[in-house]
Structures are given as C-alpha cells and as structure tokens.
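Next, two complexes with subunit A in common: one pairs it with subunit B, the other with subunit C.
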Partner chain A sequence: MKVTAQPSADTLTLLLDGELDASSAIVLDTELAKPDILNYRKVLVDCAKLSYISSAGLGVFISHLQRFQDANVKLVFFNMQEKVFNVFEILGLDALMTIVPSAAEAEAA
Partner chain B sequence: MPQRLLSFLLPFSLLSWGVLLLSALSHSGAGPWLGTWPDWATQLAQGAFVLGVFLYYRYRPSPLQGQAFIRLLRRLLAGPGLLALGCIGLHLLERLMKNQPVFGSNSLLFTSIYTLNLGLFVIFLARTNYAWRALVLFRSSPRLQREWTIFEVLLGATLLFRLVGVNPPNYLSIPLVVGLGLYGIYLSGHQKWVAYLSQREKWRAVLLQAGLLFSVLVFVQYFRVTQVDPQLIAPQPQYAFLLLTAFFSAFYALMGLLVTFFNLPIADVIEQRRNEILRLQRLTQIIQRGQTTAEVYRILLESAVQTVQADAAWLDLDPGHANVEAAAATQYHNLNPAQADDLRTRLRGHDLPEGEFITNDLNARVGFEGTVQEFRSLLQLPLRGLHFNYGMLYLLKVKPHTFDREDLSILQTFTSQAVLSIENLELVRTSLENQRTQEELKIASQVQDSLIPKNLPTDNWFDISSHSLAAKEVGGDFYDFLHLPGRRLAVIIGDVSGKGVTAAFHMAQMKGIFHSLMQENPLAKNERDKFPVPSRFMAQANAALTHCLEKSSFITSSLYIIDYEQGGFVFARAGHCHTLYYHALREEVFYFESTGLGLGIIRNESYEKHIKNQFYDYSPGDVMVIYTDGIVEARGGDGTDEYGEDRLKLRLEESYFQEAEDIKNFILNDLNAFTLGHPIHDDQTLLVIKFKSAQPPPLA
Partner chain C sequence: MKSTLRIACSRAHLQQVRDFVRNYLNSRSLPEITVNQVVLAVDEVVANFIIHANNEDETQFLDLELAFEKQELNVEIADHGDTIFLPGAHQSPDLRAYIREGRKGGMGMALVNRLMDRVEFFTRGNHTVCHLSKHLA
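== the complex of A and B ==
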C-alpha cells in the first residue's frame, strides 16, 4: 500500500495504491491525522489503484469523518473500483460520504 | 575369567615360592632329608613364581581410580616401599646373625633370607609395573594399548630363557635385552597424567617418585651385593626378566619425576587454564539452574576479574536491553562509583571505540593527560548480542602493560557465554509468557464459545442450521436468537470490525445489548410495541455503542423479527451483508436490496435517518441465508479471488429444496473447495433458515 499526497492551492489529493488492510491502515491514518490537513478546503481520495479495502481500512476513514466535518473539510472519493465501492455501499457509507466517478466531478464537488 | 584366575594365582604363587625355597635350601646343605635338587627344578619354581605374581597383578582391578594419581603413588610407596625396608632389615639381621652359630648353618639362613627377598622383589616389581601400566595407558589410544601388550609378551618371553634351561648366545640375548630396554624407555615417555596434577600434587608426586626410585635402588643394591657373596649357592635368578622389569620400573619413575619436576614452573599456567574452563562451565550451568539475569552478570564480572586477575572492574549494562533493574545496571568490583564515573566520562569524552580494546597506559591516553591514575591498564569489552550490545565490561589493573590479546580472547568467550545465557533466559521467559497468553486465550475462546447459542430454536414452522468459525482463538462474529411472545423469533447476526481479542470484547458487548434491548417494555400501549422494531433497536444499539466502541471500530448487524402468526418478517440491515433469499412461489433466488448504515459510524441521533425497516411476507419453502463477510470475502485461487455473492447465490439455487442443515453443508463444502490451501483470514458465520408450513401437508 502506497499513499501519495499531492497538495494544490486549497485541495489535497491522496493517491491510494494497493490493498488497504489492517497493516497498511496505519500509513493512511498517519496521513489523515496530520493537523494541517484541516487547512484544505477539500481532500480528494483517488481510489483508481485501490484494489481492496478491509474493515480496518474503512475504520480509518470513519474515525476521521467527524473531524473533517467539524472543520468543514470536504472528503471526496473518486475513481473507485466497483468491488471497493460495493464495500462502501454495503456498510451504508455511500450515503454518508461523497463518492463520485471521476476526477473532474471530484474537483467540481 | 579374571576372578577365577585370581583365586587360583595366589595359591599357585605361594606354592611355587615354597618349592623355590625348598630347592634353594637343598643346595645349601639343609640336610640329607632334602637331598640336592636339580637346577632345572629351581629354575622352574622361580619361573612359575614370577609368572604367578605378575599375572596376579595383571588381572587385579586397575590401581588407578579416576584421576587419583597421588593415591596410586602413595600406596605404591607404602606397599613395595615398606617391602624394600623389610628387605634391608632382613639383610641387616642376617649380617648380624651370621657370626652366631646358635642358628645353625649360616648358609641356611642366608639362603632363606635371600629367597624371601627375591620374593619381595618380584612382588614389588609386579606392583610397580602394573601401576605404571595404569599411568601409561591413562587416556591412551588403542595403538598404545597394543604396544603395551607387545611389551608384556616380550618380557614374558625372556622368562623362558632360563625355564627351558638354555642360555642363548650373547650375540642374540644382548641385542634382545637392549632392544627391550629401549622399548621400555619409549613407553616411559607416556606421562600424560602429569598434566592433570595441580601444583601441590606435582610436588607430592616428585617426592613420592623419588621414594620409589630409592626403593628400587635398595633392592638392586642388595642383589648386587648378594650376587657375589660366596655363600650364595642357589642358582642364578631370572636375570634378564628381573633386570628388564627393574629397569623399566626405575626408568618410568625417573621419567615421571623429571617430567613432573620440569612441569612445575608451568603448573600455575595450566592450573589457570583449568580454572578458566571451570569458570566457563559454571557460567554455562547457571542457565540450567534457571537463575536470574542479574546473577549471570554478577558471575560474569566475578569470573572475569578472577581469570585475568584484575585489580578492579565494573560492568555497565544497557537498561533497555539487559533486562535488569536500574539499580543493578552497573556492577562494581573493588571500585567506587565515583572512580568509575570519572573513568567513564574521560573515556567517553574522546570517541570511545565501540568494540573491545586494551589501553596499556591510561596516563598516556587522550583525555587523561596530566592525571595520575590509580589503575594504569584498562581492558574494555562489549557484551555482544545478536542484535544489540547488552553492556560493556571494564577491567582495571594497577600496573601498566598488564593486559594482552590472550586475556581479551578468553574474556570474549566469557562474555559470549554470558550473553548466550541471558538470551536463553529471555527465551525461556517469553515462551512461558506466551504459554500463559495461550492459556488465557484458550479460556477466552471457551468463554466466547459459550456466548454462541448451542441449542438452536426449534419449532415446527422453521428449521435453522448454523456454522461459525473464528480466524483466531476468538473472533468478532456473533449471532443469537430470542423467542418473543406471540410466536415470534428474533434473530440477530453481527460482525465487529477487526479480529481477535478486541473484536471479541465488542462481540460480547453486542450480545449484551441485544438481550437488554429485547426486553418487554411494560409501558407499551399495544402488544406489538412491547419489543423494539429492528430499526429502533439499531438506533438504540448505536447510541449504546457510542461510548464503548473506539473511534475506528464499527459493527455491522442485521436483526430479523420473524412472526409466524402473520407469516412475515421485518428486518433492518445496519451495514451488514445483504440477506440471500429463495422465494419458493416465484422459484427465484435474490439478495434483499436495502440500505442501512453500520453501527458506531455516526455517533449521534442522526443515525436513525440512516436505518430502515423492511417487511416481507414469506411462504413455506422459502430459504433465508444470513452470513458474515468472512464467507463472501474468503480468498481462494491465487489469493486475490473472493468467494463472492454470485457464487453463494448459485449454490442456493442448486440446493434450496434441501433441509436447512444440508443447504448449509452444501455451501460450506463448496467454500472449503474454493479456499483449499488458503488460511482463513476472517471469522466466518453462516445461518440457514428454512420456513415450513406449520403442519406437514396432507398426503395426496
């Protein structure tokens, strides 16, 4: 699992590459837990190369969800593979998080 | 055999000596009643006596017990040595009495004593020879043992010279005797035992061997004198044999004496080496006695000091790794902490080498300029472990230039042995701890097992079969049943995110929440409201979990309340896997499409907006398959393929007509075939519920 952060003016794009499971969840948590991440208006998560997400991986996003909302930072997922989207959907997270098909839509969101 | 031979040899020797005495007396004119015996009889008696005595000592148990060399020498001196004394005594007595005619013929007395002394001499030689054999063969090679046997056989052969009554010509006998003498010298070179003596023992060995040499000389002198005595009428004894054995006895004693004597100057070095080995052994044994790490360090310091004879020493342990209490992290020997502190600071101030080194004059060392150190020599040695250093050992001596590489290498053996002991102790400790944890996990597993319902609800309108398997000792999956009044049954299934002990705790919590929320509400206005509907239950459970679930954990769950009277069920899905359903009338298998958020994701009242009830009417023959993601996400193939919802659906399509138990087994068999060779990585739970008509349909 590789997490690449690409900051721009008011947007931070996180590229996830690989499988997000209990061991790699720590890497992502470290990235999301950085205090200055709340200075961005939007955090976009590019899931194009995310091939699998476990409950521990979901737990990382869930644990930061409230913090992002409180700070008015939008969390947007895009380019999500169907298999991964299913996991979000079954848990009911699609109703809670913004998940859009493409980068363009993510920018616009 | 030797035992029987021994009991025969003793009387045989005595008898032959008696015969020898009689024959000797016959020559000295004891009386006409004895006559004069032929020479060959004397020779034969002599030979038999010598043979008997030598064989007797040959087959006796070895005089050397263990490494009691000094005892062997002492007994040899106390026995044969006294014999020699007796020999002198007899000789003097005979000299005193030979002018007293009272005792009859002088020649008679002389011959008697001579024969007696000859007997004593033979016994002396036999004992000494076989004592030397024990020393020569001490820790010997098989080759040396063969060489000794050849020596014995050759010596025995010289006995025959006289026995057969022929005197071999000199050109044959002299080289043979000289050759055997040289052979004896060669054998005398085997003095391995001397190395095993301590310094004190060596001194004693020297004295004892000198005593033995003296005994041999006394005998030899006696026979030299008596040989030329005109009173000796008896035939000549077995000179070749006695000469050779006497020579060997004396020469071996002489060699032993010399070897021991010249070993004396290096005795302390050998002793020191022996002590080093003993200390190393002690260090090794500590671990077997299960002593503490602190003790190992203490013994290391002690042994190191004694081995190199250091004047002072201290041991700095790394409290992070050495696994000792902070108070025991530094140990001193003959040194006060302030001195050690001073040395440590000075050494550290000038880039201390990481490894071992020797400073031969501290006064001249960088960092010590202008100081006058009490200790001039310093040896520093790290306690190297596999991954890190456990600490550093410092040894000090007052005099400069007193440590050498030799000290360093023996100390390195000590430290590595100590580290090995420490690491072994650590291993033992962790394995004990692991064992305890395993035991506790086993108990946890048993407790959790008791939380899973064993007796599935039974009624004539449905049929239930269940399966659950945890990936580790304990897991986060759960299911439960509760009969509600009015022929209703509550079925719950759930999955706590994560695995292992944490998940198991939350699973137990969830079970508690289920049973406490599914209590009859006495204030309810109508019968149906006495128990919470699934969505209400989920909202309440979510609220209850708010404070007991850590931030990144969540629980997915589905609650079904099946109502037989109404022939339907209501359920709510809180982020749990979709329910798989076979509809008997439509003959169709499908997944319920419903929305609902997992528990613990939103931790406020707004959760209620995210959970819905779904109502459904069932008909007899319908099958409901409830499961956790451990089933559909089970891995097979190359490790990335998942079992999947589609495959599960296909299996139900093939098996819906069977009993619940058979459907479950059919699915599990397929799952096992799919995951063959892959470890289960998530807890698996599978429930199959088959609805039936209340009464069996009437026979057509």
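== the complex of A and C ==
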C-alpha cells in the first residue's frame, strides 16, 4: 500500500495505490493523523489504484472523519473502483461519506 | 477440488490469504465483485483470528481450506491456537456513533455476515473453527 500526498493551495490530494487491509492501514492512518492536514479545506482521496479495502481500511477513514468535520475539512473520495465502492455500500458508508465519480466532481464538491 | 493453505499468525500474511482465495475463485469465471466479497469475508475472519484470538503470535498458525460442492463454496478456517474465539451475535454497527466516537474497529464481522450466506464458529477440541459458505452461480 502506497500513499502519495499532493498538496495544492487549499486542497490535499491523497493517491492510494494497492490493497488497504489490517496490515497496511497504519500507513494511511499515519498520513491522516498528521496535524497539518487540518490546515486544508479539502482532502481528496484518489482511489483509482486502490484495488482492495477491508474493515481496517474503512475504520481508518471513520476514525478521522469527525476530526475533519470539526475542523471544516471536507473529505471526498473519487475514482473508486466498483468492487471497492461495493464494500462501502454493503455497510451503508456511501450514505455517510462523500464519494463522487471523477476528479472534476471531487474538486467541485 | 479442494485447496489448502497454512499461515503463521501474522497480519503480514493477509495478502497471501487474499491471493490464495482469488486464485482459487478465478478459475470459475465469477464477477469481480463476487470474488472480492468472498476474499473480503475470508480476510476479515483470518485477521480476527490473527489479531484477537492469537495476539499476532507467529508461533501459532491457521489452516484454510476452500472447496466447491456443486455451486456452493465452503471455506473452513481452523485456528490452532488455544484461545477459544467465538464472536457474539451479529449486530449492525451504528456507523454514525462510530464516526462520532472515532472508532476504528467493530465492523469486520458485520461485513462477513452480510457477505456470506452462512457463518458459523464452533470448537473442535481446544481450538476454534470458522465455517463460511456462499452459493455462487
């Protein structure tokens, strides 16, 4: 699992590459836990190369969501593969998180 | 045709478990989402055994067996550790509360129960066994 951070003005884009499971979730958790992340207005998560997510990966996003909301940082997922979106859907997380199809829609969200 | 795998209780082996399940199912020309759902269910149970039942003790091990009977996939995950691990009755997680509380865990078994047709944990001697099954057309 590789997480690449691309800062741009008031937006931080995180590119996820690989499989997010109970072994690799710590990599993402470390990135999301950085205090500086709350200085951005938006954190966009590019899921194009995210090929798998388990409950441990979902748990990392859930555990930071309130902190982001309290700091008025919007978390937006985009480019999500159908099989990964299906996992969010099964738990009903698609209704609680902002997931859009494209980068353009993520920037506009 | 049966397929088996033995792994030590380290979360570093979860990738190997997923590849094992994918390789077994890929010969069946199943939809990608279906394959991913089975892979996820097995991954969640194995991660629970490794982390919660065995405390990531790499001297302990798990045995996995995959088998098709007609259109039904049967998965057996046998924990050789001595801690009996029987998850309680399935409850739907309150995700809004999880978000408020910043919780990381507590969704794995809910996922497994939604993904598979049947989920059973039982004891065999001093060990715990999980049996999962799903009808795959």
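One rule holds in what follows: the second predicted complex is superposed on the first by the 109 of 109 C-alpha atoms of A that agree within 3 Å, B and C clash if a C-alpha of one lies under 4 Å from a C-alpha of the other, contacts with A are read in each partner's own complex, and residues count from 1 in each chain.
One rule holds in what follows: a residue touches a chain if its C-beta (ideal position, glycine included) is under 8 Å from a C-beta of that chain, and two chains touch if they have at least 3 such contacts.
Just so we're clear, the structure is a prediction, and the values are computed from it rather than from any experiment.
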**Prompt:** Regarding the shared-chain residue A:Ile90, is it in contact with subunit B (first), subunit C (second), both, or neither?
**Reply:** both
**Request:** Of the two partners subunit B and subunit C, indicate the one touching more residues belonging to subunit A.
**Result:** C
**Request:** Give one of first, second, both or neither to describe whether A:Ser23 is in contact with subunit B, with subunit C, with both, or with none.
**Result:** second
**Asked** Regarding the shared-chain residue A:Glu82, is it in contact with subunit B (first), subunit C (second), both, or neither?
**Response** second
**Request:** Could you look at A:Leu15 and tell me whether it touches subunit B, subunit C, both or neither (first, second, both, neither)?
**Result:** neither
**Asked** Looking at the overlay, does A:Ala109 come into contact with subunit B only (first), subunit C only (second), both, or neither?
**Response** neither
**Message:** If we overlay the two complexes on their shared chain A, which of subunit B and subunit C does A:Ala56 touch? Say first, second, both or neither.
**Reply:** both
**Request:** Once the two structures are superposed, pull the subunit A residues common to the subunit B and subunit C interfaces.
**Result:** 22, 55-56, 58-60, 62-63, 65-66, 90-93, 96
**Prompt:** What residues of subunit C sit close enough to touch subunit A in their complex?
**Reply:** 11-12, 14-15, 18, 32-33, 36-37, 39-40, 43-44, 47, 50-51, 93, 95-96, 98-108, 110-111, 114-115
**Request:** Could you please specify the touching residues of subunit A with respect to subunit B in the complex?
**Result:** 22, 29, 51, 55-56, 58-60, 62-63, 65-66, 90-93, 95-96
**Complete:** The subunit B residues in contact with subunit A across the complex are 495, 497-499, 551-554, 556, 574-578, 595-598, 600-603, 610, 629, 640
**Item:** Complex contacts: residues of subunit A adjacent to subunit C
**Value:** 19, 21-23, 52, 54-56, 58-60, 62-67, 82-83, 86-87, 90-93, 96
